[in-house]
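Each chain carries a letter (A, B and C) given by its place in the written order, and its residues are counted from 1.
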Amino acid sequence: MRAAMARQLSRWATCCLRAAAPGLGWGRGRGRELSSASFGRIMRPDDANIAGNVHGGTILKMIEEAGAIISTRHCNSQAGEPCVAALARVERTDFLSPMCIGEVANVSAEITYTSRHSVEVQVNVMSENILTGAKKVTNKATLWYVPLSLKNVNKVLEVPPIQYARKEQEDEGKKRYEEQKLDRLETKQRNGDVILPVINPEPHTVGYSQSSLIHLVGPSDCTLLGFVHGGVTMKLMDEVAGIVAARHCKTNIVTASVDAINFHEKIKKGCVITVSGRMTFTSNKSMEIEVFVDADPFVDEPRERYRAVSAFFTYVSLSKEGKPLPVPQLLTETEDEKRRFEEGKGRYLQTKAKRQAQMQQAPQQ
Amino acid sequence: MRAAMARQLSRWATCCLRAAAPGLGWGRGRGRELSSASFGRIMRPDDANIAGNVHGGTILKMIEEAGAIISTRHCNSQAGEPCVAALARVERTDFLSPMCIGEVANVSAEITYTSRHSVEVQVNVMSENILTGAKKVTNKATLWYVPLSLKNVNKVLEVPPIQYARKEQEDEGKKRYEEQKLDRLETKQRNGDVILPVINPEPHTVGYSQSSLIHLVGPSDCTLLGFVHGGVTMKLMDEVAGIVAARHCKTNIVTASVDAINFHEKIKKGCVITVSGRMTFTSNKSMEIEVFVDADPFVDEPRERYRAVSAFFTYVSLSKEGKPLPVPQLLTETEDEKRRFEEGKGRYLQTKAKRQAQMQQAPQQ
Amino acid sequence: MRAAMARQLSRWATCCLRAAAPGLGWGRGRGRELSSASFGRIMRPDDANIAGNVHGGTILKMIEEAGAIISTRHCNSQAGEPCVAALARVERTDFLSPMCIGEVANVSAEITYTSRHSVEVQVNVMSENILTGAKKVTNKATLWYVPLSLKNVNKVLEVPPIQYARKEQEDEGKKRYEEQKLDRLETKQRNGDVILPVINPEPHTVGYSQSSLIHLVGPSDCTLLGFVHGGVTMKLMDEVAGIVAARHCKTNIVTASVDAINFHEKIKKGCVITVSGRMTFTSNKSMEIEVFVDADPFVDEPRERYRAVSAFFTYVSLSKEGKPLPVPQLLTETEDEKRRFEEGKGRYLQTKAKRQAQMQQAPQQ
């Protein structure tokens, strides 16, 4: 027991050190109304990898559950047809610091904008080490939901408007709304791509690490409408992306960020979903993995297999001390792989530039 | 929802029909009767905290499942309307010794009393170390169930009477029945209370450790009637109480006991439940936490959020060697907090006196 | 990993010490012996497919957990080195009748034979409809376990002998032991086979329905030794086989039987396992699916990917009324596919002949 405790404490200590930064005013002005909610859950062994880091997918699933609850609650707050809010889009999300087994994940959600047919929800996640009291912001996510009628899943209902404290809040929300709408349209037109199998691939090639899983959609994966929760899909996507990353660099890896994800197509209970991932780009210390979700409504449905979601995940490799390690360079072979590598590089440089601009704007933070 | 219920019932009906063939002599010559049953399961890492102690909530959930099986079986043992036994009340339960990952939890249940409309079930839990063969009693719980018609959930059916070996058994059972009935009536009249958020609370105050979680009720949380299993609710309550206790004393904590819990209001599939906990009292070596469960039937229901259950959990703090540690005193600030502290002290002293009386009655045990 | 193992062992040791107090008369007067045990659980929506039939894999996992508990308990029943019983083999198992959501699965296990280094466990499963009281035998399974030292996982310990009521029981057990030993040796020498991907396959070909999933082995999947429970592996295998079967015939399918499975290679916590399935044979009303499990110990391990288990599953397709439906014939294309089809046909005819022989021997049962 001593050894166990010692090891666990030392793992814990690492977490503590990491978490020792001053808490960021969690729950400021919570004044819990209809349009905000917060809750917590202890992170369990099954939520984490063998190094004790909570999977990014576990956190994405919690974020989405909070968003689904608060937006469904809001959309049903006025008399009218009952509805369930369905996830339409998640904005790009960074994982700001790792979370560990035994910590409490505190998730708070707030509705920040409503258009006629959609709801913007801001979800913040903090890790809390309940032994030291230390708290760290781990995620700030923005999600868009659309209310679908409980009686007719193809009918989008109207969203009750929220009150803004200041006119600027509404204007900024509207701007964000227009931007994401454009991006959603664009990805909808993008062509489907498939991951082709490779026989006897060399290490560090794309074919070597590409992976896929299948999952039979069960009742607990679904909303009241009988369609898969967006969070369940994101958790599976993160699982595949993590396996691709681990196969490539054979070390402890963690999710660093997820690009914006659009959910164009619903996935029904009883479908089999195939989640496939391939590496597209490596920088010195990060890997970008593209993940596809295909749904196969093979029982009782006339429909063919279809592409439901796709997204880019970025992973980093960590040493036993939690420091980022260099990543082996991805070996590209085909023309398509080379093109995707360049596109990934473009996204990488753009994100880097954006981050530097933000840091210059707010140097005092 | 009607349609959903009808569908579930008709599925069930098909199962019933299929299963209606004559039973194949289950348990022949094993002395197994209708009114007792036993179950077991290996404790896994996810069932426990990081020190390896199985959560009290995991055990409460197993206890309730055993009770639900045996009482539903009993209530359907005579020809008549099919029914599902719903948990009405759990008597005060002590956690007599800790259970660890890798041990087998053996749960045995027996019907000990029946009134016209309710069933008393005694459930005993033993931890078994299958390596050493050592066994320890960890819990002795008493639960009350009420049979609800499968066709009309608001109709309470009659319970087939059990046979008593001795007249005294029936008399004692009747006494327990009357006592719990009174207590159930009383708590039903108690006023709802809410947990208000506190901004920047000081350590060891009530506001510092209070916590809440939300849970979307899924299909696997529910009985055949589509209402949450009492055990699922108790597991969530224990989770919140544990977070409150850990936030207060920042050490390894375990459930020591749960006061009697009355389940006045059912919670339906699709509801969001908010489970909130706050510390009410500390003695030298224990903490009392009050936990509330509120249900939000926000889709497809005209009903407002309502208080479904509330209960008091007692926790102790353990050293690395498993010895009880002193607990920091709870700092009460408001009048209400001071009142609740005194009430908690009353419960604490009453329990202590009762235990001492029992020990004097049975000194050799 | 050394450290991890030490940690787990030392935690376990503490549990042992704590539990070493004399057992409190568990099972007094209930005729419960060391060599038998029984367990039960309500079947939930998550245990079943959308038609409400419990997955064969859910049942296989319960069977194996019961076997692991009873054989570990038995192997530690005499003073000596502590050990954990690891699953070595499951004999061919038929699924005699379907189980439904809401029914209780009653699992009873008994040790029926011991050799010097292995334990034979007989596990029976009954479904119980607690509303009607109807019970049906759903499975009769035979499993073989081997005790591995808790201190040195590569050391097989000696098994305490059991007492037989009659000399014939021992002789018959010995015969079964010799037979399975031969079969184990044989499959060990069989060469590894791989499932090659197929691009744009036609319906009803082997390539059209072949499927695979990957799973990251988490702590709750493992025994105290840190290796995957045999039952967890079988559940994943059944999941893949079920998807292959559903893809082939696009109807509601259920597991009809599983051929003998040998577990030659352990799978460690932290591995990624790939479970792949392909159809090998169809009769008029059944499908045979071959499933492979490969383990990829890619973190912290010098070892290459290896074949851990393989097995044949038989599925049938059911109408909405639960009647077997005709199965579309498998279209074989390559020489290998044709050969495997003929081999599958051989197994099918052999099983059929064996069943007819049994029915003639025991026509009245």
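By our rule, a residue touches a chain if its C-beta (ideal position, glycine included) is under 8 Å from a C-beta of that chain, and two chains touch if they have at least 3 such contacts.
Keep in mind that this is a model prediction, so the values were computed, not measured.
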item	value
Two chains sharing the most contacts, counting C-beta pairs only	B-C
Copies subunit A and subunit B touch via same or different residues, half shared test	different
Rotation angle superposing subunit B onto its copy subunit C by C-alpha atoms, nearest 5 degrees	180
Rounded Å distance, subunit A centre to subunit B centre (Cα mean)	35
Chain centre separation (subunit B, subunit C; CA means) in Å	33
Shared interface positions of subunit A, touching two or more other chains	1-2, 4, 8, 45-46, 219-220
Footprint of subunit A on subunit C - complex, ascending	3, 6-8, 10-11, 13-14, 45-46, 49-50, 196-197, 199, 211-216, 218-220, 239-240, 242-243, 246-247, 250-252, 269-270, 272, 296, 298-299
For the subunit A and subunit B complex, residues of the former touching the latter	1-2, 4-5, 8, 12, 25, 27-32, 37-42, 44-46, 65-66, 68-69, 72-73, 76, 82-84, 101-102, 104, 130-133, 150, 219-220, 224
